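Following are the structures in question.
Both complexes shown next keep subunit A, but they swap its partner, so subunit B is in the first and subunit C is in the second.
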Partner chain A sequence: MGLLSSYLKLNFLGLFKFLNSMNWFIVFFSLINLSMCIYEDQIGKFDWRQTYVGRIKFAQFDTVSTAKKLIVATEENVLAALHLKTGQVVWRHVFESASTGNIQLLHVSDKIVTVSGSNPYLVRGWDSGTGVLLWEWSLTLQDNDRADFSEWWVQQGLLVHMLPAFNSHIEVTMYNLLTGHNRGATSKLPAPWVNEGCVLTPPFYSCISGNVGAQRLLSLDVTSNVVQIISKPLFDYISLDIFEGNLRPLDANSAVPGFIIDDKKIVLIKNNDFELLSVNVADASASASIIDGSNGALLLQAWTDNTLGFSLVAHNVNTGQEVSELKCSDRNLRIPEAEIAAVMCTKTAKEQHACRILVNGADDAIHLMQQGGRVLWTREEALANVVAAEFVDLPVSETEAAIESEFDQKEGSIWAAFSRRLQTQFQQLQTLLHSFQHRDRTVENSSSNNLVRDYFNLHKILVLVTDVGKIIGMDNLSGEILWRRYEPSLDAESVAVFTRRTAWHPPYDAYLTIVGKHEETGNGLVISLNPINGELVGERVLELDARLLQCAMLHRADEEKLHGLAVLYEDESIQVFPVSSERLVEDMYIYVADRETAKVQGYALKYDGKSASAQKIWSVALGGAGSAGHRIVAAAARSRLERTHSPGRALADRSVLYKYTNPNLVLFLTEGPDPVHKEVVRAVAVDVASGAVAAAAAHRRARALPLAVHADNCLAYLYRSDKHRRLEIATMELYEGKERWLPAGAAFSSFASERAPAVQRQAYILPAGATAAAPTVTERSLTDRHVLLALTTGAIVEIPWAFLDPRRPAMPTAEQREEGLLPYAPELPLPADAVLNYNRTVHRVRALYTHPAGIESTSLVLATGLDLFYTRVAPSKTFDLLKDDFDYHLITIVLVALIAASYSTKYFASRKMLKMAWK
Partner chain B sequence: MSLTKTNKKFKWALDFSQKSRASASDLPSPPGYSQAANANYSESSKETDSNLLLIKKLWDVALGPLKQVPMNLFIMYMAGNSISIFPIMMVGMLIVRPIKALFATQSTFKMVEGTQAAGQKFVYFIGNIVNILLALYKCQSMGLLPTHSSDWLAFEEPLTRVEHIGGGISML
Partner chain C sequence: MKQHLAFITPLFFQFVIGIDYDGWLNVKIQHSLNCNGEKYCTRGNISLKSIRAGTSIIEQINFNEKHIDELKELADIDGFYTIRSLVTAADSTETEFLSSVKAKAFMDNGLSDVINAWVLPNGAVIAVSFQVNNSSQSRIPRSVNNDYKITSNFYLRHVEPAAVPDTASYIQKLEREREAREKGELKDNRSFLAKYWMYIVPIAIFVMISGSTNPEPAQPAR
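Then we have the complex of A and B:
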């Protein structure tokens, strides 16, 4: 009875407690799971951000303020100040990415003046030290059509606006720089000789005009009150037989107005007259600029030769003598199409020149050099325009590779295995001793030596393909650039990157292929390289003979563990690289979606014993029949790396809701006009092997955003609802139902299943603008799934799929609550602690890339855009890792103390027993 | 009282000194005393009595588990189907005790020999089995038994694929 009563008491207590706290428990645990923020001391521990400004358009040295800076304005509509010693961004303003943010003029004096936008223009003054906006006024031109031909410059505190009317006249207007007050009316200068080839070298406007054979070189100071045209026959300066009509101004805010005729002769304008320089242009591609030197003006020229590398020469303008201390020639420095962006020279005590030269290359990299050609710093501004990124595994260390190869060899007698064992252990001992000897040296070049896989496979190499054609390999933990390769012929508009062999197969090296277009011909271009060191391998740089429709990587590897690359040409023929992999073409399907017509076509690849061929097997018009104007906005396939080890969801009644995990499913998002509802967005999930439509949804009066997420059986996409004027995110989940269609571990075939999955749909309001979206990917997809969204505010937020779950019921029953379904709420919460990049704003995120780490809990994230941001996320917390602040010392002390205590008590106990026995 | 004691003593002890006093025993028995009947009766009745007691006691032991069933049922009803520490402890006790008892069957029935030993053991065994079944039923109703396919979901082989795809938006 006593037992029973004690049972009952405890039980009543427990029951009561449980019933009371059950709901709170769910809420509490879900909250624990959902808070994802990091501690203050973890800032920068797992993540890094690199800020970029884009390709330099204008650059000027800020010589006025005490802290010397470089002020740049870029093609990405960014105004920034760079630190002169390190190249770091001191301050930065990111303007609108549309034409309203285009920077037309950068003028640096004691204040910085910019003209940005395109009719209306905004004239702004900035403080050069802090980047604070000082004044702003706007300016609207009457003649909107010709506004694009406007030229701007600042002269004696006045903003000069010049608008040429070809073959007619030039309009010049001057404004007060601070107020925008118009000093006088617009003056029209008659100039019937003005044409498209004219160049502006403030304040002179120069043209070559006249009939062939009798051209004249004309120049006009447009700001002077008196119209004075300098007109000279062209043959005074250049032989007319070989003249091609090319006129270009000197670069980098030349101290004396001047221009280069036909890449050969340099003509300066001095005292209202032309002056031909005795120094010829050193190279046709040379960039030239005039600077004020210690004794007279200097002509500075920089160019890159294919064999001789980068060269820089300086000549005295008056004497024509070469200035030796500025000269440099570096065979190893490759700056394609080097261009002098800005120069600043000061005189030292010994009448020497101390110069800082900013050189801009065609690969968007900027280099700051000092006299003699020493590069102080380099900024890879190409990274502001990353178009594709790939995470590549690192190879194992040599010792580990030796161990693996040892265990790989199955054949051989027991004695052979024993000797091999001894050998490898001897090697290991050697390397250990070696590492002790050279420890101090290895620390220095750790970056190159430490490129080995770590235990959790968190250390990888990021291969970034940029818009300009530069391919960059980057260490993902430090963000350090390991290698760079410039491929000027690569048109990276639509580029595909495949890791055709990972580094998991020693002795073979990793193999990465980039498929793009050739810049000039538009034919396919295949670049194969080793992603670890950036060296070309295999096909190297291969230009194909025809234009490409699409490409795919074969799923079966050859004997060298290399996956073949199949390219589908415009004429629907295929080619496989390497040719020996052709026989491995089997069960392979390629789909091609045409963006503009919203048509998707599927091809089956076959190998008939001699050659591989492609056969068109299906075609789907996603816009529907007879609905023109539909276009595909986004296509989202599952990640190639995704392996799903969770076949279903356990419900509250302990039955299983089986997922429809079709690995061949692709989500297409289209938008187009609709006769009734203005615009309509359609989301269609197509099995691209068979062409069957698995699920579809339509949203009326909406416009799609090019953001779609597809992982496992979860689909999500964004659209802008015109009806409600808000951004919405719609989600779909596909289920087979409570009965499974195939037994566990069976092979899924798109052609064998004729049943349609059950589709759950839901839409939520996103209270922010989004620019990129990606799902988290983990090793086995057992971890919760989160959706990462890059917002226009510069934040990257992590939304748990539980919030986006289309099964969220409006009024959850007890069972649904037990399952963990949250009640439906239309608006998605975006809490501040879900922001991955805390206060490190990343501007204009264009894409998010996710990759699984070696541990199940963690997914690696890279955000590209104007900035690069890398971090790692653990959607279900790091359940397979010890906490960051795990107290190793404490647990060691406790363990040691416990062991000591147990042994001492054992001793004392035995002594006491002995004493007792003698009593 | 002392007489019975000596009697009892006689029962087990051999008294060699009796011989000398044999002559004295020639005395006729008191009236109404029958030696044969007395000896026989007392011996047999005593034996059956203690046997009966033992059997009774052993039946009590054997039926013990079965008698616990209603109480267990009540406990189970009171514990509810929620998963929290006390119900789990109770269910653990419910399942562990009969199993322990089953293993201790031999020691429990060590002193028993006789006709009913098999039956008692059988009843005892059945009773414990019933208790275990009850506890299992409780586990089942609490959802602690991995009997559903959802319990084995994590161990399933993932699907493999037949077709492989590649491609995307046209590169033209």
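Then we have the complex of A and C:
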């Protein structure tokens, strides 16, 4: 919203002044002007949403209802039904993310039964077709300490709860599934042999117990009225010399209760007796399950070998013969630590098996296969836990690259330039002719070729790093996964992503580096890849020798346009990748903030001709001296991509209020206890090059949310006011004043400015809960700035900075009104048409990522959380783009008609003149 | 007995001040120039009797030739002159803060710097930062009897309580407006043109346009 339109708007308002009070109209009309809504036919045109459920915990096929579905319960506390043919979510319930939402049991029969929570538990019944809640009752266990050891299952319409007391007894209670009515008292079964290694294969509870060398295998049907313990010496089944004591149950709701001893032998429980299977476990990591086949029970095993890939075998349990039609071995299919999650087999007319096998991998991906190993669909559930995202520019097409390289070379005489010009134009002609010849072929492989930059640079690649260590490349326009790479050793808890070389520098490829921790050692792990195709480049996967404090990208690129990566080790030594970039370390400052102690330290990096080193130059204690318990909740720096092109704000008296634009400023948000005000939140803006504090504010009786926004000279952060029990958003703007400190165009230096900026402060009430916040970023920061907030309701709202402006006056004067300042209102309006994702609710948004597009008006937005949502926003409307439904045909016809009409009238006019002259 | 009482009273007084967020503050300034092998040695001391009053007493050593030489060495490699401040207050232990200025800038400014100490409402210090005056003309340090004087300006900055949503005055404002409405429409004493120009101008334009589209009939041709 430029100055012009707000000026017009205010004049327009004057018209209605006699109707009502001013405020409401200002708010009302500014909403009409500022909000970005879309038309109904634009739904899904610029945006997409992908719904995920998280890593599968339990899965069962719903075979009862007419539309076949797969019911899943996940680690993310989601209960969902997936379409069997497409894998899409049919319905989904997202429970609380805390332990109160943990799903303990999933049972699918004609209804779905779940047990969720952790003492008290909630037992719920759901309709499998629609996902509607049918009934619910709660259950509280007396013994809260041992409640975590509870085991649940459903048997003959009764919910069985089993609580083992190690080395003592087992408590079993049965409840009516629908009402929760307790059938009789809790029965205590004496079982001194129960230990931690016991496994449950409903209704049997099996253990290995006894002294080393004389262990026995024991099993007990805990639901039977008569206590019948099956007890056999273990050496009947396995040689005790190499026994490690490992017992694991069969996967995927095995049709016959059974377990695997030491990853070697499979023992089933049949007719109250153990039965050792003649078929051995195919691979130590194999996941096994028993299913009801056409000719008796089948044993299904699936595993992944590093060289042979994924394998699946099936044996007849009774005969031990292999069932050939189910066998599969696929070298190209990589499912790390494959595990059978659910199996469903039906018999076809020719006594063949038609099976659907759901395989879960360590990379959180689930694959639905049919017999023979054909994958019907795959869901990348790792995307429910994205920890870092980066927008990467696409490379230009070959012809454009040739043109750019032509204009890149500036030196040389005029003749050299002329000859180069002729040469490149000849080349372009050649490629043009070439493209005509091979037009048919290019159409075929257009899907791989169309990864080139578009004119407005709206098409990008999203590189998503997930919690489980899977790195995924995604097309931002379609949401299609282009490549995926699983790095099991990556601990993505605190991961940094750097685009070290963009695709703007042909012939060099783009280069992206992910810095994280090693899963086991905690040392630094550097993964470098080409973000366009996901192939490893440069350092590839490099494990460093020590733990890292900080990492940063050098701001100067080398000859190959590659920015070096500097890592700071715990012993305060520096290493630069690649080594040749070490000499480019110059004027570089990094800071290390300790989250728990709220201490921040700054280092200057230097190259002394031989090697790069770090010198600690400043340290501050944001918690204050001697006050323990303060911790940093959030640190917000300006986006690396942001460039400020306006040095100040024009005031109504035609003077300029100059902004304090310090690129090194970082906003730290801390919280901690206070002896007087219970809990306090502090916001401190620190220049992280020199360690000087630019602005600070303290909130009493408040708790911080880890949400802070920092763009240009604007700072905003959220906190929960304990006094008023509401969410508030505080904003700050830093100004130099009405005179510039530095001459126009002079570079800012943190070490040559001792003046502190003037700070404007204001606070607003946010009438909603927020989970993520981000400012919009545009190419040149000339467009208005909006703040995006993801709310707990699943909406992403766009709030114009004009609403958060700390300069909003309580009683605006005429001058302030002319400037376009809105009168102060304590509560922020969150109108429905400011919701970016209209009715597409996105659950548990964890972060919002914004990135500038090639056109100034537009900013690209990605929301990650349980769902992914991508859209683009135009804070000042698309002033540099034609409307989406612009009628090109009409304007062409009108133009042609006008030209034709003007020529024809000219002709007729001259004829008339001639006739008149002859009269 | 009286002596004992007299001894306790100042302690009690101090305790009261501690709650009231006032107290003394002492900042030991150390640097690493001419330290005879040690990492840090004393440069001076800043003491405040009362944080609220903010008046400070700065005592600093004078630099001698050795200091200047070492500073010049640092300036030649564009190095940092690092200062360590050890802050002690009435109710806290000694806390260390580091800050640095460019040695060259410090020299060029005639050994003058600005010290900012940020103090929380509860009297605790969060940062002590040294910055160099950004003066364009360089002042070469002058010596008096081989002694170079350091000039420091010390500012105590308070972390202010942040703004809170101002609901009370907003409600008052709404009340006032409501009352004004109830009393009757505000007298609009603007002129007729000032009030209704937005209606008049379009009509005038319309009249002008319609007037120009009906030109005078052409002269009959001869």
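One rule holds in what follows: the second predicted complex is superposed on the first by the 849 of 919 C-alpha atoms of A that agree within 3 Å, B and C clash if a C-alpha of one lies under 4 Å from a C-alpha of the other, contacts with A are read in each partner's own complex, and residues count from 1 in each chain.
In this text, a contact is a pair of C-beta atoms (placed from the backbone, for glycine too) under 8 Å apart; a residue touches a chain by one contact, two chains touch by 3 or more.
As the structure is a computational prediction, the values presented were derived from the model and not from experiment.
Residue contacts after overlaying the shared chain place A:A744 against subunit B, while subunit C stays out of touching range.
Shared-chain residue A:A566: touches subunit B; no touch with subunit C.
When the shared chain is aligned, subunit B comes close enough to touch A:V656, but subunit C does not.
When the two structures are aligned on the shared chain, A:A698 is found in touch with subunit C, with no touch to subunit B. By the document's definition of touching, neither partner reaches A:R631: not subunit B, not subunit C.
In the superposed pair of complexes, A:K111 makes contact with neither subunit B nor subunit C.
Contact with subunit B, but none with subunit C, is seen for A:G648 once the two complexes are overlaid on the shared chain. In the superposition on chain A, subunit A positions 11, 14-15, 18, 751-752 are in contact with subunit B in one complex as well as with subunit C in the other. Within the complex, the subunit A residues that touch subunit B are 4, 7-8, 10-15, 17-19, 22, 494, 496, 515-517, 524, 547-555, 566, 568, 570, 587-595, 603, 632, 635, 637, 643-648, 650-651, 654-656, 661, 663-664, 666, 688-689, 742, 744-752, 782. Residues 19, 77, 80, 82, 87, 89, 91-93, 95-102, 105, 114, 116, 118, 120-122, 124-127, 129, 131-134, 157, 159-167, 169-170, 173, 177, 181, 185, 188, 198, 221-222 of subunit C touch subunit A in their complex. The part of subunit A that touches subunit C in the complex is made up of residues 11, 14-15, 18, 21, 23, 601, 604, 608, 615-627, 674-676, 682-684, 686, 690-693, 696-700, 721, 728, 730, 741, 751-756, 761-765, 806, 810-811, 824-827, 916, 919. Those residues of subunit B that touch subunit A in the complex are listed here as 71, 74-75, 78-80, 82, 84-87, 89-90, 143, 148-151, 153-154, 156-172.
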